[in-house]
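Look for chain A in each of the two complexes below; its partner is chain B in the first and chain C in the second.
Our next item is the complex of A and B:
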């Protein structure tokens, strides 16, 4: 083998190593904190505070049991589920029609509308929180599950619109037109042809809205007092709590969100126009 | 009775005129082909008849009903799309049954009609499959079966064969023609393929820049093109055109030769002749051969007559080569004349 080709192989080897190293680094960046979180959650309180650590946790459930029985955790968890479910329903029932309209109709200001949908995310929530709290108190929505769900819907809605927009755009308009010529009204064609085809994507988009609400802490902390969601509750109560309780709380928050996002990842890629199918 | 009347239908997209006041009448049971290059407005016209597009002005009648204000489902039509539009989440059976279910036909009747249509289209063994498990040709058959099953007054086809490979297209062309002839359904068929148009149509309507330039039988379109455009669009190789100078009394000078033409009061016309209507080896007109293309059944020779490209078809046994001079004699009764606006001038 000639020297030239060896050097080419040498170069590609360096490049390969660089890629592998970056991949390993990025994976560790994400996975190590999650590992620590999970490992400490499934260790006894003594082990969490002790040193040296064991690599494999002892799968002691004392920490997690203590956390789940901690006063207020149960109702906060329930509130979180309620708010997230409501957010999911609201953002899909408003976002999916908007996504459909964006994908199928030409109308004045369509481009502007698409940008504005994203711009809502550029508006800092803390700036909105105070006037919103005042307004909510006036109309009686303060400290309610519905009130918080409405705020979370405004956060989740842009994603719902964009994901469903890309879903509907992925379905050839001829399928709908064929249904019309075969005897369907616009609505029937949607129900019989389009809906079954976008259902998995709609479910994914709903789960994403759920996760947005599940993870949101700021609005939840400002707008609720009695009816705290889990993140708001943890923010308030865990400051002075023992270490093992913090780990358990963190894990309960992070794991479901991670699992859900992992389940719907291909639809999130689709939203940004990256083909990953 | 399902004749179609299109009256003064025009369509504008913003400032572009896709259709300029089109008038067309399609007889009951007629097979009409809308033929034109892409962007000529043929698909727009078809979609206006289907109700998928609304005309800016004008009326569409199917039978004795005015339909231009009706939804597609109320027009008594079925449509076959270029990309087939077979529903991917339904089996072939359910696809064909779809229109019948929408019409609330009884299950037993649906079963019977789906099976009958499937047999007609030779897809009876595919009924349990999904669209993803079918080839392009099979999907095409499902799409046609789905349209036929509802027994519509009118079938509209939008380039149904253009996504198939050449051999399959030829096969489907023949089959489709025989099936549609049997079904005796009024059909509008959109295509840009002149061979498809010539071979299938009862009548061809040629569209150009949003106008229907000629609507008549395939042979008539071929023999007597209404405009220079039609002559150059239909036929492969297309018509030859040469400038003709009026010498008076209906005599024209074309390529150094005199021809008897129409007795009109203009300085010049355009002389037109189809490549196969030229007798080679006799006559006064001379052409120098530039390219020789043997095609098996015949040889296509591109000559130069007075600096203008002039194609002739010669027998495949002829011994000709580039640079030869050819004597050319256009068959007198096949010569056509066009005026400065490109309109056919009768002799």
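Our next item is the complex of A and C:
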């Protein structure tokens, strides 16, 4: 009897160790590749191109300086920032009213609109860049920051609608109604009561839209020539750029996105929980 | 009266936006693929697409990549989600670390794995340093399609498992604890609870995750370019070549329509296979 129980305990201890080992391994699996990129970025060009590689950085800033001073990088960074900011503004200002309408009203056509939003999920959206290229030439938006931001907004808008929908749904209508009875108009009640409550969530979905645009490669590469964003610039210099330029560029692309994801971590699961239904 | 118009007014911008920049462009792709510049109906662009020597490898590699990467991601994410849901301490920290790749673009992921698989990269440094190899090998050379494929699979699993994990963890959070307690009372072990409670109730989340991932897998592009250049042809890479490099819009549109067709076909298939009857929903 006692041997049986110790073997059960022994087994559960082994199981516990296996779980801990898996968790640690999976954390390393995520973190080590990022570390290696950063280590490369903070090593001198000679070390990056040399062999064998060292596994710790020499904290040499020559690679990153070379990248930042490389012709076209400055404007690519600036364009990336512009496009991502525009995408953020467009997707929230177009998406949030729709989210509010979905959460507060019952009306005909609600189902159709939801289907339209959910349909975007079954479509490979970067392909939109092809017809848009033709459309933009006709209206003079070809190779512009605004044109690319419009395509990126199509990527981010469905999320903005669904996230704001759930944010507004989480706030009791009674709060609004109380404001109305106290003499607020619908608009005043929204600004004074609802808006402050949803602001953090709206900020999170705005950041999410920013990251979607910041990371997008295909449409950016197809739609811009003079006004290339950072991913488009990097993609087009893959063939001929030296390794230290590629790695420094990769790190500059990754680091802001990581900071932003850290800022919205609280909302990630809520966001995807909703996007489920 | 005012109130009845209000929801439509609020929905108007988003609807106009989606119709103008989502529905209409996809109609235009189809039009571009089937008509010449003079507006004559033709299938020549599809013939041109399928008769090119790169068409078959591009289609095959895209499908093969999707069917390799997505099952690994689903299995790994399920495992990670169960690990996390049994965790008492440090759950938030672990989840944060595991979802870090959510913020990393496909191009950046490609560059990260290039740092490992490149001829002067970290993998070769380890292999030569440990004496397993005399010379660094050219893993990503054009004659080593197998290792390029493997590197792309690793980079994709590394980058995009997080999105599946987030969807599944959110889905597991919706399953009432009582179901597990009841299963335990009736003597179900850990594995049985997983297969008899978690998996069936997680079907809607699995469906969402699968659709999302399969469609993204058919769009695979920047990872492949970063790791293999044009050595490993994929459909999206051909679209890019046609559109941007060769300025051959019609054939690019034909490729785009093919990707669109595969994506919708698989979406419908997944929706049908993993359908949940209304009465079985949580």
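Everything below uses one rule, namely that the second predicted complex is superposed on the first by the 247 of 277 C-alpha atoms of A that agree within 3 Å, B and C clash if a C-alpha of one lies under 4 Å from a C-alpha of the other, contacts with A are read in each partner's own complex, and residues count from 1 in each chain.
Keep in mind that, in the parts below, a contact is a pair of C-beta atoms (placed from the backbone, for glycine too) under 8 Å apart; a residue touches a chain by one contact, two chains touch by 3 or more.
Keep in mind that this is a model prediction, so the values were computed, not measured.
If you put the two complexes together on chain A, you find that chain B and chain C both fit without a clash. Seen from the CA centre of chain A, chain B and chain C lie at an angle of 100° in the overlaid model, rounded to the nearest 10.
Looking at the shared chain after the overlay, A:117 reaches chain C, while chain B stays out of its contact range. Looking at the shared chain after the overlay, A:241 reaches neither chain B nor chain C.
Contacts of A:82 after superposition on the shared chain: neither chain B nor chain C is touched. Once chain A of one complex is fitted onto chain A of the other, the partner contacts of A:203 are absent, as it touches neither chain B nor chain C. Look at A:183: by the touch rule set out above, it reaches chain B but stays clear of chain C.
The partner of chain A that touches more of its residues, comparing chain B with chain C, is C.
When the shared chain is aligned, no partner comes close enough to touch A:68: not chain B, not chain C.
Smallest inter-chain Cα distance, chain B versus chain C, after superposition on the shared chain: 10 Å. Within the complex formed with chain B, the chain A residues making contact are 172, 174-175, 177-185, 188, 192-193, 196-197.
Looking at the complex, you find that chain C touches chain A at residues 4, 6-8, 10-11, 13-15, 17-18, 21-26, 28-29, 32, 79-80, 83, 86-87, 94-108, 111-116, 118-122, 124-125, 128-129, 136, 158, 163, 166-167, 169-171, 173-174, 204-205, 208, 211-212, 215, 218-219, 221-222, 225-226, 229, 236, 239-240, 243-244, 249, 252-253, 256, 259-260, 263-264, 267.
By the touch criterion stated above, chain A contacts chain C in their complex at residues 19, 22-23, 26-27, 29-31, 33-34, 36-37, 40, 49-53, 55, 93-95, 97-98, 100-102, 104-105, 107, 109-110, 113, 116-117, 120-135, 150-151, 153-154, 157, 161, 186, 211, 214-218, 221-222, 231, 234-235, 238-239, 243, 246-247, 249-250, 253-254, 257-258, 260-262, 265, 268-270, 272-273, 275-277. Chain B meets chain A in the complex at residues 50-52, 71-73, 77-79, 81-83, 85, 87-89, 98-99, 102-103, 146, 150, 156.
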